[in-house]
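As C-alpha cells, here come the structures.
Across the two complexes that follow, chain A remains constant while its partner is chain B and subsequently chain C.
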Partner chain A sequence: MRGRARLRRVGLPYLLLLPALLLELLVHLVPMVIGIVMSFKELTQLHIAHWGAAPWKALGNYRVTVDFDAPAGATLLHSFVVTCAFSVLTVGLCWLLGTAAAIFLQENFRGRGLLRAVFLTPYALPVYAAVITWAFLFQRDNGLVNHVLHDQLGLTGDRPFWLLGDNSFVALLVVSVWKTWPFAFLVVMAALQSIPKDLYEAAALDGAGLIRQIRRITLPSLRPINQVLLLVLFLWSFNDFNTPYVLFGKAAPEAADLLSIHIYQSSFVTWNFGTGSAMSVLLLLFLLVVTAGYLLATSRGRKSADA
Partner chain B sequence: MRILRAATVTATVTALAAVAAGCGGGSGFGGGGSDDSPRSLTYWASNQGPNVEADKKILGPELKKFERRTGIKVKLEVIPWPELLNRILAATTSGQGPDVLNIGNTWSASLQATGALLSWDRKNFAAIGGRDRFLAPALDATGAAGKDPAAVPLYSLAYALYYNKRMFQEAGISKPPATWDELVADGKRIAKDGKWGLGAEGGQLTNNIHQAFALGKQHGADFFDAAGKPSFTSDGAVAAVKQYIDFMAKDKIIAPGNAEYGQNQSLRDFATGRTAMVLWQAAATTFSADGMKPGDWGVAPVPVPSGTPGTGRQINSMLAGINIAVFKNTRNLRGAQKFVRFMTSDAEQRLLNKAYGSIPPVKAAQRDPAFDRKDTKVLRETLTQSAAPLPQIAEESQFETSVGTAIKDLFADAAAGHPVTTASVKARLAKAQQQMAQ
Partner chain C sequence: MRSPVARTPRPGGRRRSPTAPPRTFLWTRRIFLTALTGFVLLPVYVMFSSSLKPLEDVSGAFRWLPSELTVRPYLDIWHTVPLARYFLNSLIVAGSATVCSVLVAVFAAYAVSRYHFRGKRIFTVTVLSTQMFPGILFLLPLFLIYVNIGNTTGVALYGSRGGLVLTYLTFSLPFSLWMLTGYFASVPRELDEAAYVDGCGPLGALFRVVVPAALPGIIAVAVYAFMTAWGEVLFASVMTNDTTRTLSVGLQGYATQNDVYWNQVMAASLVVSVPVVAGFLLLQRYLVAGLTAGAVK
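Our next item is the complex of A and B:
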C-alpha cells in the first residue's frame, strides 16, 4: 500500500512530462540521431531512394572530412577558422553595442521610447528582406555603401567590391552585427531594470563617477545575464546560415565561407549527404564541447565569487 | 536512481533510432508503379512563366482539357526553381512524391541515378507516340548515354546573342558579330563613357557553366573524358575558360562590376542601355518587362571562332530545357503515361511553348509560324543545328558547383585587377577537379 502511494507520488511528474518528452524526442532527438546514423553511410544520389539500405562507410566520411591535406579537409579547416573569427567578432561587437546602447538609454530623456523602438527594428525585420537589402547596398556599381564611401567621401581610390574577395568578410560581419545586436540590447536593457537605484545613489554620494559606477555596479550586476547572453549569441552566429546564403548565394567567397554554408554545399549542392552529415556531427561535437567548457568555467567562477 | 534514469533515456533513444532507421528508406522504388488510383494525378510543374500565378493560369485550362478527355483529375503544384530540386530529393527519399514532374534537363542523369524515375524504354515510349517524334539533341539530355531515358523533353531552349540596335547604330556597326573576334572588336568600339560591350553574370554558377561549356566545345574540349572522369585542366578547357574571363580581363568589354552579378542584373543593364550585348536564353519577356520595345533589340546566333554555327567545334550553345518525368512508384501508371502523351502532343506543345517563349522539342510542333519569328527562329535553328547537352553524368551538379565557382573566382580576380593567366586559370580548374574527387 505504501509502496503504491510512493510510486504514484514519484510517477506523477513523469507522467505529466511524458507528452512533452515524446514530442521533444520526435522533434529534436530523432532527426539528430538519424543525422548521426547518416554520417556513417555512403549517402549519394545513388542511394537516397533507399537510404536505409545505403552502404555503411564506417568512419570513411569522417576520414575525408578531417584529412586536412586533401582539398575537402583543407577547405573545411579554413571554413572553421573563418567561422571562429566571425563568431568571436560578432559576439564581441553585438555585446559591446547592445550594452552601451542599453546603458545610455537608461537615462530619462525625450525621445527615449522612439530610439528604443528604432534600435529594435533590425531584430523585427524578416531576415531575408533585411539581408537582401544589404546585398543591394553592398553592390559595387549601384550600391549605397560605395556611393557614400567613394562618390561622396572619396575615401577609396577605386570602387571596392564588398561581396567578392576579402572585403566580403567585413560585409558579412556588418550585416550579422546589425541583425543580432538588438537582441543583446533588449536583454541587457531588461537586466538593467532589476538593479536597485539605491546602489547608484549610494555610489554617487561616495563620489563615484559614471565610469566607476558602470564598472563597479552595472557590469557585476549584469554578470549572470551576460553569461547566458554571450553563449546564445555565440551559438547563433556560429550556426548562422541565412545571412551568408542570402548575401552570397550558393558559393560564398573564401573569406566569408562560414561552416553552415560550407556544409550545405558539401551535402545538398553536391548530393553527398553522408559527408555533409559527418561535418554536421563534428560541428555539433565542437559546439557541445565549447558550451560545456564555457558553462563549467563561468559557473565555477561565479560560485567562488559568491562564496 | 540517476543512473537508472539515464539508462532509460538512452534505451528509449536507441530504440527509437533503430525504429527510425529500420522503417526509413522510403517505400521502395523497386516494385514499379501500379494503377491503384486511376482517377487522379499529382503534377509538379517548374516555374516557367514570370511567376507561379502566371503558370497556373497557363496550365489550368489545359489540365481541364485533359480531365474532360480522360476523366483524370490533375492536381497541379507549380514549384519555384530554388525549391524544386530540394523538393524532388525529399520526395525521392521519402517515396512520397508526385506522379508526374518537371525536371531541369541537366539533372536528368543525376536523378536517373537515384532510380526513382520511370525509364522510358521502347514500350513506354510507344505509349506516348514513339521516340522519333522528338528532336535528337533534346533526347540526349534525358539521361546518361547508353541508358533508357529517365525523362521526356518538354520545353527546349538555346542561347542567343541579344544586341541593342541603337547602341550598335551609334557606334557605326551595321550587323551583329558572327565570330568572337568580331564580337570583341564591336565591344571595344562600344565600351567607353560608362557603356560596355558585353554583359555577364559572374556570380551565377549555372550561367558560368553554360558559357564555358559552349566555348569548351569550340576549343575541342569536353569537361569529362569518355570514361566520365573530370578533365577540367585540358588545354581546351583552360583556353575556353580563359577566353570567357578575358572578355573582362584583357578585352575589357565586360564591366568589372559584372563579376558580382547573380540576380540577372546584366539583363537590367542591357535594358537600360548600359551594355550593348548579352548571351542569354529567351530573354525577350524580361526586356519587355524592363521597358524595352521589341524593335529595340536584335537577336543573332551566339558567335563561333569562324564560319557558321554547326556541330562539333561549331557548337554555340548548351541545350537547355525542361523534361517531364514520371515517379516510378506512381499509383496511376497508365494515367501518368496518358498525361505525358497529352503534354507532348503536337497541339499542347505548340500552345505551351508559345506561351512560355520556348521551342518545342517535338519536331512536328516546331512547324508553326510562332517559332519562325526573328527571335524564336534563331533559338529554333540553334537548337536543331548547333546545340549540345551538358555532360549527362550523375555528378553534373558537382561539376556546376566546382567549375562554376572557379569561374566566379576568376571573374573576381579579373575585376580586382589581378592578372588572369593560363597558369592561374589552370590552377583554379585543378582545384575544382580535386573537389570532384571527394
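Our next item is the complex of A and C:
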C-alpha cells in the first residue's frame, strides 16, 4: 500500500508533464531531428514523396550553402547580413521606445490608462491585419506615406517605391518596430511596478533629480528583466517570417530578404528541401551559439555587479 | 497652465528637485507621448477611414478623408472571399488551441513549481529553448509527419483544423510555462496543505486552490495563446486547404487579385481585428498583473 502511494507520488509530476512532453516531441523535437536528417539528404522534387529513401548527400547540402562564391551561398550570406542588421535595429528601437514610454507612464496622470491601451493596440492587432494595412500605407501611387512625403511636403522628387528596392528595408523595419515595441513596453511596465516606491522617495529626499533617479534606481532595477527581454526580442525578430511574408508576398526584395523568408523561398520555389534544411540547421546553430554566449556573458556581468 | 500631474500623491519631492525641472520633464513627456500616439494610431486611422471609402478613393491618390462615406466595403467583404468560413475556422482553431494550451501549461507548471523530480531542469530548458527554433526548420518535417500519420493511421492532421490546433498549442507553451511556473510559485504552499487537510488530492488542490489564486496569470496566458493562434501565418499557409483556411491566409485573397480592393481589405482587417483587440484591451490588466507576479520574479 505504501509502495503504491510512493509510486504515485514519484510518478505524479511526470504524469502532469506528459501532455506537454508529447506535444513538444510531436511538434518540435521529432521534426527537428528529421530536419537535421533531411539536411544530409538529396531532397529534390524527385525524392520528396519518398523522403525516407532519398539518397544521402553527406555534407553536400552544407557545401552548397556556405560556398559564398557561388550564387546560392552569396545570397544566403547577404540575407544573413540583412537579418542581423534588421534584428539589432529592431531590438534597439523597440527597447528604447518601450522603456521610455513605460517610464513616462510610471507616474499617474489623467489619460494614462487610455494611453496605455492605445500603446498596446499594435501588439493586440493580428499580425496580418496590421501588416496589410502598412502595405497599403506604403503603396507607391495610392499610399499615405508617399502622399505625405511627396504630395504634401514635397520632400521627394519622385514618388519612391517602398516595397521594392532598397527602401524596403526601411519599410520592414518601421512595421516591425511598430508591431513589436508594445511588447517591450508591456514587460518594462510590469517590471516598473515591482520597484518599491520608497526608493524614489528616499532618493528625492536626498535631492536626487529625475534623471538621476532613473539612472540610479529605474535602470538598475530593470537589468534582470532586460536580460530576458532583449534576448526574446532578438530571437523573435531574427526568426520573423510573418511580417515580410505579408508585407512583400512570397518573394521579398533583396534589401529586406530575411533568413526565414529566404529559406522558405529557396525550399518551396526551387523544391530543394535538402539545402533548405541545411540552411535552417545552420540558422539554429547560430542562434544557439548567440543565445548561449549572451546568457553566459550577461549572467557573469550580473554576478560581478552583485559582488 | 497647471498640469494634472500636480495632483499626484508625491509631487513635492520632484517639484523641488533642482536637477530636473518638472516643466522640462512635463514637456518632454507631452511631446514624446503625442508623437508616439501618432505613430501608433496612424495605421489604425487609415484602416478605419479607408474601410468607409468608395473604391475610387483608394485606387487614386491617398485621401485623408473619404469623398463620401459608404458601408459598401463591409457588405462586399463577405462575397469577395468566403470570409465567414475563414472567420469560423480561425475561431475554432484559436479557441481550441487556447483551451488546450492553458490546460497543458497548468499541469506542467504545477509539476515544475510544486515537485522535485529528475529531469525537471532539462524539461524546462528544452521547452524554453523551442522559443528560439526557427519555424521554418520544422515546418516541412512536421508537414511530412502529419501526412505520414494520415497515411498510416487514417487520422487526417494535414489540412485539418486539428493539425493546426496541435501545432499552435506548442507555440504558446514556452511563454505559458514560464509565466505560470513563476505565478504558481508565488501562491503559498500552505494553501495546498490546507486543501490536503480538507481531503483533496493533488489535482483537487491544483484546481480548487492554486488555479483560483493564480487566475490573473491564467487569463494572461490564455490571452497570449489566443493571440498567437489568431495571428499565425507561416504554418497556416502550408497546413490548411480551401475548407480549413484561416483568416491569416484568407485575408490575402483580396490582395492577390489583379485589382486590389483596398477599401475591402481595410474593412476585412478591421472586422477580424475588433474581437481580438477588444478582448485584449479588456484583459490587458491581467497580462500586466500576470507579468508582474510571474515573469518578473
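Here are some notes:
Throughout what follows, the second predicted complex is superposed on the first by the 285 of 307 C-alpha atoms of A that agree within 3 Å, B and C clash if a C-alpha of one lies under 4 Å from a C-alpha of the other, contacts with A are read in each partner's own complex, and residues count from 1 in each chain.
Operating definition for what follows: contacts are C-beta pairs under 8 Å (C-beta built on N, C-alpha and C of every residue); 3 or more make two chains touch, one makes a residue touch a chain.
All figures in this text were calculated on a predicted structure; none of them were measured in a lab.
By the touch criterion defined above, A:Arg63 reaches neither chain B nor chain C. By the document's definition of touching, neither partner reaches A:Arg6: not chain B, not chain C. Of the two partner chains, chain B is the only one touched by A:Ala72; chain C is not.
In the superposed model, A:Leu125 lies in contact with chain C only, and not with chain B. By the touch criterion defined above, A:Val269 reaches chain B but does not reach chain C.
Contacts of A:Arg140 after superposition on the shared chain: chain B is touched, whereas chain C is not. Of the two partners chain B and chain C, more residues of chain A are touched by C. Of the two partner chains, chain B and chain C are each touched by A:Ile34. Overlap of the chain B and chain C interfaces on chain A comprises residues 29-30, 34, 51, 139, 141, 249.
Listing the residues of chain A that touch chain B in their complex gives 25, 29-30, 33-34, 37, 45-46, 48-53, 64, 70-72, 75, 139-141, 159, 161, 163-165, 249-251, 253-254, 265-266, 268-272, 275.
Contact residues on chain A toward chain C in their complex (touch as defined above): 10, 12-14, 16-17, 19-21, 23-24, 26-32, 34-35, 38, 51, 97, 100-101, 104-105, 107-110, 115-130, 132-137, 139, 141-144, 146-147, 151, 178, 186-187, 189-191, 193-194, 197, 200-201, 204-205, 207-212, 225, 228, 232, 235, 239, 241-242, 245-246, 249, 259-260, 263-264, 267, 273, 276-277, 280-281, 283-284, 287-288, 291.
Those residues of chain B whose C-beta lies close enough to touch chain A in the complex are 12-13, 16-17, 20-26, 28-29, 86, 89, 92-93, 95, 110-111, 113-116, 203-205, 255-257, 259-260, 262, 265, 394, 397-398, 401, 404-405, 408-409, 412, 415-416, 431, 434-435, 437-438.
Those residues of chain C lying in contact with chain A across their complex are 3-5, 8, 10, 13-14, 17-20, 22, 25, 29, 32-33, 36-37, 39-44, 46-47, 50, 58-62, 103-105, 107-108, 110-112, 114-115, 117, 120, 123, 126-127, 129-142, 144-145, 166-167, 169-170, 173, 177, 202, 227, 230-234, 237, 247-248, 251-252, 255-256, 262, 265-266, 269-270, 272-273, 276-277, 280-281, 284, 287-288, 291-292, 295-296.
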